[in-house]
């Protein structure tokens, strides 16, 4: 599964993307798993309320099923426009 | 007093402006007076509900006092923009 | 120089540039441009003649601009209204509102257009193969003006 | 080609022209342009970096455009959003909505901006003499999006 990070999540994790093997059922589960990895993951996912997630480029809730997902992206609320 | 006509009022009256002497106290009185003049005045002022009036370039009601007025303009509702 | 009443066409990009270039605090620019439509209820038109009331027009537009400035924190406002003969596709009117944030810019531009429609002395006459006729005022325009008086 | 995500600047007049020239039934064109403001709550900025999520950005913008088209009778829509390094005064985003009448054009343009602010994956980082920081999302932007869901 391809994991993408944007904005300050990218900066805290220390990389823009990583390829991982996971059995996580939801983005929330995936976050719990990612926090056990080294680097800045724990700091990046410290405040879950500040984090938004997209699965295969569609915004979803943290309890959305990950079955069949190829790309999961984590980022803070958007500030475009 | 300078009287101005715009849009179809101008076309019906047959002129864009005329200089008149009047003692009319309000635009409504002035209309009654103007309707007695020749040309297309009677036809122009036939439907009073379709007529708007400006005194010295400010929109006013038909019962607004004309005292001291130098320029009175009659026209239909505006259609700019 | 926030209001112009002119026969000539205008350049939207140049007008935006003139309004925004001197002020680095502008974050939002809303423009409205009105164009002559070819198809009307009466049929296709070939020309539109825009008559206005010289003197009162400028005064009415400046008053509308002052009201917008009093209601919203605007960094810049520009109103250009053409008169004379026009053809389908031609630009008629331009309104620009610039502010720090988009809410004020959007609302002020809509307000300026609503007021201009019912308070600026312009009259349109359309001519086509079906003949020529003065455009009737729209009931919807009166309602659009009224909504700003309630809020 | 109603959506573009690009590093390059855009030409508002050319975009309006491209949208309106082929269609003589357009009576109203509303544009919104967003500019980089120099002064922020943290102080004056020298640069702004706009990050985005390639692929998802285009998809999200196209979805927003489809929603606007479903809600209003639009003759044309255009959305351009820049990314990469920008400076105060630079253009960030352009939205154009064209319709027969002004109500639809104004509402659609405001809707597009409100949705774009909270649903298109862009993030701004501002840098000045006080340091560099990611811009926080505005509560007001969430509220602005919500109002369209109630109506």
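Note that the chains are named A, B, C and D in the order they appear, and that numbering of residues resets to 1 at the start of each chain.
The rule is short, and it goes like this: a contact is a pair of C-beta atoms (placed from the backbone, for glycine too) under 8 Å apart; a residue touches a chain by one contact, two chains touch by 3 or more.
Since the model is a prediction, treat every value here as computed from it, not as a measurement.
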Excluding chain D, groups that stay connected where the other chains sit: A | B, C
item	value
Geometric centre distance via CA averages, chain C-chain B, whole Å	26
Whole-Å separation of chain centres (CA-atom averages), chain B against chain D	48
Residues of chain A whose C-beta touches two or more other chains	81
Numbers and ranges of chain C residues touching at least 2 other chains	34, 102, 113
Overall pattern in which the protein chains touch one another (line/ring/star/complete/other)	line
Residues on chain D engaged by chain A in the complex (per definition of touch)	34, 50-53, 55-56, 59-60, 81, 92-93, 113, 116-125, 134-138, 141
Residues of chain B touching chain C in the complex	4, 6-8, 10, 54, 57, 59, 73, 75-81
Chain C - residues contacting chain D, complex	11-13, 16, 20-21, 24-39, 88-89, 100, 102-103, 105-106, 109-110, 113, 140, 144
